[in-house]
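Listed below are the structures to be examined.
Shared between the two complexes below is chain A, which pairs with chain B and chain C, respectively.
And then the complex of A and B:
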């Protein structure tokens, strides 16, 4: 039995995809040390040059190397999205857990507030908050977090409500554990799995949302490269230099796909209910 | 049932209140003084007296709750204020562009269903065969694509290379095709996945097995059995998505230069046109809430299981985990 478990294909898949995601994170971190051109250097002789041996992905409207900018921008695009997921996961889970555990008027008020926040068209609301705070990476992260925590709050609340009724929690109560002990030692560990699954599946979407914001010019300030704003820069030269759009777009696509696969593998390995699809 | 509907309608009031409070705070908490922003729309910086006068007129010196109160009262009279940028009443600006966004959304949703229903069915019928794998892989790739990237690719392909469609969507009837197609493509993967999952589940049900046992043709089973029971839930999802979609077209409208509300909203944000921004946020949130409510009520009326659960919740049917007569 033990031996068979070790080779559970779902776990193997999870390990493989975790490895790929880790590799991606490391590459985004160290990549900028290995580039040949200065990603900020404006070269007016090389404006929108075709992809060549010198510039593998061509240059943009200021003659900057697209590949170098892609590599430099990777860290911003990826780590910022991870930060959003981490922040919303922690805040949302904390609030939702407390709501589910305490219940009563506090729960009702908070959940109505969650309803109201979720009633806003999320994109517009995020844009509005980002605009209110002013552009910049940090503000973008805050804006996205302001909206996204609600889904974790909902999920963790319903988890806690379910787990609270289970026998082992009642047993813990009869043994005289304090509320805090019950919460941290029995309820939380047993309600984490679906939350972790959904967090891992949100990474890709967060990257998409984040790139959308910086595409609108609300993220990174120029001249710092970020994939979304590279696409925005490329938009103007789409007709003459499509590579300025295609490569950053493919980069986002690739990373979102990897994160999607990773999320699926987490779901498959951790979710006790086998999926039909 | 009447009680359930009444209860839901009453809940609408606090939710709408919170929504309007948040929309109001958007302007209140924003950096910069609205009066100064209003007066510097022309480009030159206003005098201190003019700002002070306008602040008095706009009521910006009054306490927060008073400002919110009068804003709310105006709102109930259908007055959303005047746009800083166009100097038109916000409600007029929104009313002119709303039909465009509605058209785009409806067309996008239609496109989504046209793409995803056949593909979803095909994928489910051929579950785990080559066709299914190709459809799933394709929709995974397309689903991982940012909407604006898809839009730019389509503009490049259909507008620049093939010259079938205009690259700028405003000003011509054909212009709506590109943004609608983008919307359809970006939404379809989700729908394909849902439809496939639902049909696969439905095809495993006992009554389908019974049909098969009686020798009824697969095609008949699919159309009269599985599809009939799956469609309502797909249409429910589509209906609920409409609300989200109406507010989510901004980026695509921006990329395709489509004259719609989403573009207006993004522009209002860059222009710091707070009344317009508030109006947009408020209206979209309101539509979203109301659509959800209607869908929920229709769902409750159509589905006996949901109806029973609601009756139980409201009439004290299931309490303390014990069954009581409903």
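And then the complex of A and C:
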């Protein structure tokens, strides 16, 4: 009998979630072309209008369409937070992994530097760097990356220290593997799980972090929309027009959930133990 | 020529508990013949596994020399030393990378030593069948196998480079009794077939006496007695060996 080819369910899930993330990125890019209202147009006759057929998600305190502003701000919020997470994840993981693997004086010096960076209140430090670099999303991305890499460095170092003591890593040394092979083929894949989970949770926090910087005039400048900023603006009308907060909040939640599920599927595809049941 | 010669090997570790250095291995010398099955017994913490780790270059000794086939080696060992000496670990499932297929691990060792991938794969298949597994196990992950199957795969891995010396660090202690017997029998057969020098570390004196040509008894970092398995079990010279023999459980 001919054997039907079975696809690994974990790989299928990874493909599905990769597709959804890709769709999200494309929608954020092309979405602004399909909106019916000008997201910057102030309409004093429609201030905090309820959701209706014309304004599906209502309007904000200046009568601007919430849906149009959400769509317009999507690219800015999603791409910027993904950029911060990607930069901090790569730099932090690389530094932490090398420290954990090499150990000794190099590890001590680098980790004390990490301690020093973490000793500052992160928001104050980010604001200081962003203020020094000047306003704009690019500078905010750099400022936030300067601080946030430390959490990945610490996490990846602790993971590597744990994994490198396990028998299979010691066994790998006796199988003719070079240090580089041991690091990339054995230690790194086995240390990734908490890092991926942490990164996927980090996307939402970063979107909110940008709103803090924008509020201080360092990130997105008004009238350009950005999700964190929209949440911030909506706070004043929370009781009279809750939709100004609910919809940006739901948008952030949706992105965090999608990124969380994507992170889980990556983790599942990398971990053969999970997909046996 | 002896497969392994160890002279005055020593290592000590700092103990925070006693605030002093503990001599885990204290001036140990022994030889392992080319086709010899040498048992090393002793209580927990007497330094048996530390000797194994030093032989494998995973622990740097404080002093002493190790020679394999007459050639002195010092850690970190050069790549090709592992072609001569291999080890089987106590916890079979933990000795394989949980994210990689068992067959890939076994094939990769051979590729690391320059064997062409196709030949390495064929030899892995041969080894898997030789140790009592089927070719299907090539694509299995360690968690999909039982402890006994995993230990068989670990034996296949250690033999994939056709080493001269095999160190077995309590290879049966994590297995149940019926599987222990199968693994021990397999080791005995393979040793005959492959002309291996085997250092068999165990707590189990009864197992060692049935399997090994000669036995070393270790106590507090020192080899206190060495003799043929028969001599050690029937006419032990040292008090500690007698104590060890009297502690064997009889059911």
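Heads up, the rule we're going with is that the second predicted complex is superposed on the first by the 159 of 277 C-alpha atoms of A that agree within 3 Å, B and C clash if a C-alpha of one lies under 4 Å from a C-alpha of the other, contacts with A are read in each partner's own complex, and residues count from 1 in each chain.
Following the convention adopted for this analysis, contacts are C-beta pairs under 8 Å (C-beta built on N, C-alpha and C of every residue); 3 or more make two chains touch, one makes a residue touch a chain.
Quantities reported herein were computed from a predicted structural model and do not represent experimental measurements.
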Which partner does A:212 reach: the first (chain B), the second (chain C), both, or neither? first
Tell me which partner A:115 touches in the superposition: chain B (first), chain C (second), both or neither. first
If you stack the two complexes on chain A, which partner ends up touching A:186: first (chain B), second (chain C), both, or neither? second
If you tally the residues of chain A touched by each partner, is the higher count for chain B or for chain C? B
Using the superposition on chain A described above, determine whether A:176 touches chain B (first), chain C (second), both, or neither. second
Just checking: does A:27 make contact with chain B only, chain C only, both, or neither of them? Give me first, second, both or neither. neither
In the superposed view, which residues of chain A touch chain B and also chain C? 276
Across the complex, what residues on chain A touch chain C? 166-168, 170-177, 181, 185-186, 189-190, 270-273, 276
Per the touch rule above, chain A residues touching chain B in the complex are 112-113, 115-117, 119-125, 127-129, 131-134, 165, 204, 208, 211-212, 215-217, 228, 231, 234-235, 238-239, 242, 245-246, 249, 252-253, 256-257, 260, 276-277
The chain B residues in contact with chain A across the complex are 11, 14-15, 18-19, 22, 26, 29-31, 140-141, 143-149, 152-153, 155-156, 160, 167, 193, 196-197, 200-201, 204, 243-244, 246-248, 250-251, 254-255, 262, 265-266, 269-270, 272, 277, 280-281, 284-285, 288-289, 292, 321
Complex contact set, residues of chain C against chain A: 56-58, 79, 82-83, 86-87, 89, 91, 94-100, 105, 108-109, 112-113, 141, 143-144, 157
